[in-house]
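The data blocks that follow each hold one structure.
The two complexes that follow have chain A in common; it is paired with chain B in the first and with chain C in the second.
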Partner chain A sequence: MSALWMRQIGAVMRLELKRTAFSKRGWWIYCLAAAPVLISLMHWLMARRLSRNHTVGEDSVVFAAMFVWFFMRGSLFFGTMGLFSNLFRGEMLEKTLHYYFLTPIRRELLVAGKYAAGLAVSLALFIPSVALSFLLLGRHFGPAWTDYLTHGPGLSQLGSYVLVTTLACVGYGAVFLVCGQLTRNPMIAAAVVWVWEGLNPFLPSLLKKVSVVFYLRSLCPVEVPVPPPFSILAVETDPSPFWVAVPGLLTVALILLIYAAVSARQGEISYGE
Partner chain B sequence: MSNVITFENVSRFYGEVLGVNRVSLTIPPGVTSLVGPNGSGKTTLMNLMSGLLRPTDGKIEVLGISPGNPERLCKILGYCAQFDAFPKGLTGYRFLYSYLRVHGMSDAECDARTRAALELTGLTGAADRHVAAYSKGMRQRVKLAQAIAHDPQVVVLDEPLNGLDPMARAEAIALFKQWGEQGRYVIVSSHILHEVDRISDQVILLSQGYVVAEGKIQGVRSEVRDQPMQILVRCDRPSVLAARLFQDDHIVEAMIRGDGKNLLLRTKDADSFYLLLNRVILESGLVVESVAPADDDVNSVYQYLIGGEGGTA
Partner chain C sequence: MAVYKKTYRPYEGALTGPLARLLVIPRYAFEELHRSRFLSVFFLATFLYPLISALIIYVQHNTSALQLLNVQNARGLISINVTFFLSLLGWQSAMSLFLAAFVGPGQISPDLANNGLSLYLARPFSRVEYVLGKMSVLVILISLMTWIPGLLLFLLQGYLEGWSWMADNVRLASGLFFGSWIWIVLVSLLALALSAWVKWKPAAGALMFVLFFVTSAFAATINAVQRTHWGNLASVSYLVGTIWVQLFEGANKTTNGAVFFRSPIGEEIPLGYCWAGLIALVLMCLYMLARKIRGAEVVR
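Our next item is the complex of A and B:
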């Protein structure tokens, strides 16, 4: 990649970071990232006061459930939606996209710069959120928790959660970038994706694989069963192996980004006037 | 590289709504004004030229470059669009600097060009203020600065005089004229016809998506044959001149105006009138102070071809 391209991507990233990372309109995304940390903090504080009647292992399952049902279905999903769908759609609404389109940057690089900025912000928000939530949740166990982290499976689990978070940002980021670029109202597209991802446990094996959440759940270190009464409807499928899940997700994200780049190349500026 | 901007049979439709239709144009260096009522296709034409829109049909080339190639086009073209919107949280300086960085320029070059553009548009003192806090006139000027900061050969300006106070407007007009004289391609759209008149080397008149006329304004006026030309003659005995002129068929109307020495006349054949005037001067010893066309300005041509009054300041 030429030095010019790097400079141009860097310039786009700087502008986007200023726009997305430090905007007042993004307050709800910061709340989404902070909420699990607060939940873990409350759990720690309450567990310190109340009698301890559960084990470290049980807390790791609690965290796994929180990760699957709150992080993946809530924080990460809606957080990445807010960040990435606004990269193009936000500029269309604010009528500022034409400033980029009037610079001699390859539109593919514009997509790359915007995506990289969105990814940087989402990783900066959600990886610390996941790590802090995990570390705080079992803090009330004291030395037993430290031992779980250093000598037990704790750090490896944390590593897996960080990997899943990263891949979720990569995957959902690409999905929502395309949604924001191609649809006038990305919320509708996001709702469709959300319902589809939510139905994933109940879908036949083949359809399960046409989603992001299936691969992410395959990479989670602790399995979370579907709670009753929905468990009756759940379809059991073997999780996707690591060597399929990771390259698969990255490939899907890459395909979506290529599509976004082609769309940007053919794009026009029409602010709906 | 070609040295003109060309439109070959260009059409653009928004769904079933016509933007411009079968436009064929050649725009040489200098100041070219796009004139027409709202919805006539001025902005569409500018957006097509700058690659923000794609033609439904036809071919456009800007100095030999297709607008479908933004990597090359945007190096030589600057566009001051009509949208009064700016990325949030940026100062005037940071706004110009940031988009120059997207051009791929070095930090030092961006800084120098930003400062030069701010100075040219009189915004040096407000460089560190947020654009959101600028007045409408300042926002218009910072858009102008952004359009010219990379020193483009082609400058496209959509209603650039909007919101400017008379002083800033005069400065902007002087700047456009200067760029035109430097051999740049300055394409301006404006409703303020008497100001367009002052700066234009040529005009393009648009109505309902069609090019009604193009070229030097005098040339365009002479092509409007169904409207008699108005000529103002200042002489010592206008009544004698009027009486003599009415003996010829092509004189439609003659009025003595002002201090009694001005004769405003309308003729269907300007060339014949000038020959006749020469004869009258020789025959009657008329003392003529001045002879000037009275309706070869943009406003008159606009009225004749499109109808209605053009805008004023």
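Our next item is the complex of A and C:
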């Protein structure tokens, strides 16, 4: 990749960061990222005052449930949807995409620059959110929590959650970038993806593997069972090994990005439609 | 005519009736919706569940049909009771949420984005009428999906089972009707408020899901982390589910809601707080609408 290409990607990324990062429009995404941190903070402050009868292990299971049901199914999914589907569709609505198309830059680089900007913002929002939520949740245990982090499985668990968050941003980001580029209303595509991902625990083993959430859950350090009454419908499947889940997700994201780049190369704008 | 006489003169002819003016908005909105093949197919698909329910009711009362299917003992397999109607309402309401997320955000945001609101309000058409007109689109669609098929099924069951069944289970009909209307008002106002505040339609639609599903996850997280049940106050589906169960069964609870609208046993919060939560949400939506639906906007 030539230096010119890198400079062009960097330029697109800088422009997109100015437009996307910390804009007023994305307030709800910031709320999604801040909400779990507030809950953990509240837990820390309240548990310090009132003596609660629970253990470090229980709190780590609670965080695992929070991560699966709130982060993965909620804030990461909708947050990346808001960020990435807006990259192309937002410009179509504002009728500004043709400015990019008129510049002497390859469309593939435009896609890469926009994706990199979206990824940077999503990682900057959600990795601190996950890390802070994890670290604050057990803070009230004091030295026991420090011991859990330094000598126990704490840091390794935190690393796994950060890895899953990163992969979620990469995977969902690629999915929603394509959705925003190809569909007039990315909501419809997002709703389909959301329902499909939600049905994942109940699908047969083969179909489970055609999703992002299956690989993400395989990488989570603590297993979270499906809550009743839906648990009777859940289908047990062996989790995907690390060496399949990580490269698999990255490959899927790469394929989607290549598809987005090819579509951008062949794309024509008609704001009137 | 002399030039000096060409000044503004208000229209002095006869006006159309207020209701006719109100119905202009849904008329055009339905025309637009009809053009979307996806929405038309989705809307038709939402009648599948009531249709299957009607078939179940019919087959249960038709001995020859049961004999033909060789399932004479199947009569007791599916009971036509509170769970049956609550599930119908729950499923149809969940579908209506999807419909509202697709249809709702397109109601107000284009008018605001293109400065078209003044064109409405320059006519004999108040802000309230504008909101009611826009709301009527969702009200009509969601009514067709929830309480209308629900009551038709209730009547079918009553007709086949007998008058005494209807008299004994009149609470189901009232629960269906009022429960649906609570949902209709809530979803419609939410969709319009988000449409007014979030100009980008997909983002407004996504926010509908966020408010419904993510708040449930948020509530569950608060409950798990703080070891409490009061987090349920943040869950719209919990609040609606609790009120539905009360409307359907009163104090003698046998179910915990249906589909997404559940209030798990042992995690109850007082009913008054659920009503207060929903009323607060409705008032917030009304405030958001009142702030945005104005003939002129001051741009600083």
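By definition in this document, the second predicted complex is superposed on the first by the 272 of 273 C-alpha atoms of A that agree within 3 Å, B and C clash if a C-alpha of one lies under 4 Å from a C-alpha of the other, contacts with A are read in each partner's own complex, and residues count from 1 in each chain.
Note that a residue touches a chain if its C-beta (ideal position, glycine included) is under 8 Å from a C-beta of that chain, and two chains touch if they have at least 3 such contacts.
Worth saying up front: this structure is predicted, and the values here are computed from it rather than measured.
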So, after the overlay on chain A, do chain B and chain C clash or fit? They fit
So, A:Leu167: does it touch chain B (first), chain C (second), both, or neither? neither
Note, angle between chain B and chain C viewed from the Cα centre of chain A, nearest 10 degrees, works out at 80
Once the shared chain is lined up, is A:Leu119 touching chain B (first), chain C (second), both, or neither of them?
neither
Pick one for A:Ala11: touches chain B only (first), chain C only (second), both, or neither.
first
Is A:Leu102 touching anything from chain B or chain C once the two structures are fitted on A? First, second, both or neither. first
Review point. Which partner does A:Pro186 reach: the first (chain B), the second (chain C), both, or neither?
Key: second
Superposed, chain B and chain C have a smallest C-alpha gap in Å of 10
Chain B and chain C footprints on chain A meet at residues none
The chain B residues in contact with chain A across the complex are 14, 47, 50-54, 70-75, 77-79, 81, 83, 85-90, 98-99, 101-106, 146
Counting only contacts in the complex, chain A reaches chain B at residues 4-5, 7-8, 10-12, 14-15, 18-19, 22-23, 94-96, 98-107, 266, 268-271
Touching chain A in the complex, chain C uses residues 38, 98, 101-102, 200-203, 205-207, 209-210, 213-214, 217-218, 220-222, 224-227
So, in the complex, the side of chain A touching chain C is made of residues 25, 28, 32, 35-36, 39-40, 42-43, 46, 52, 54, 62, 65-66, 69-70, 73-75, 78, 81-82, 85-86, 89-90, 93, 137, 185-188, 190-191, 194
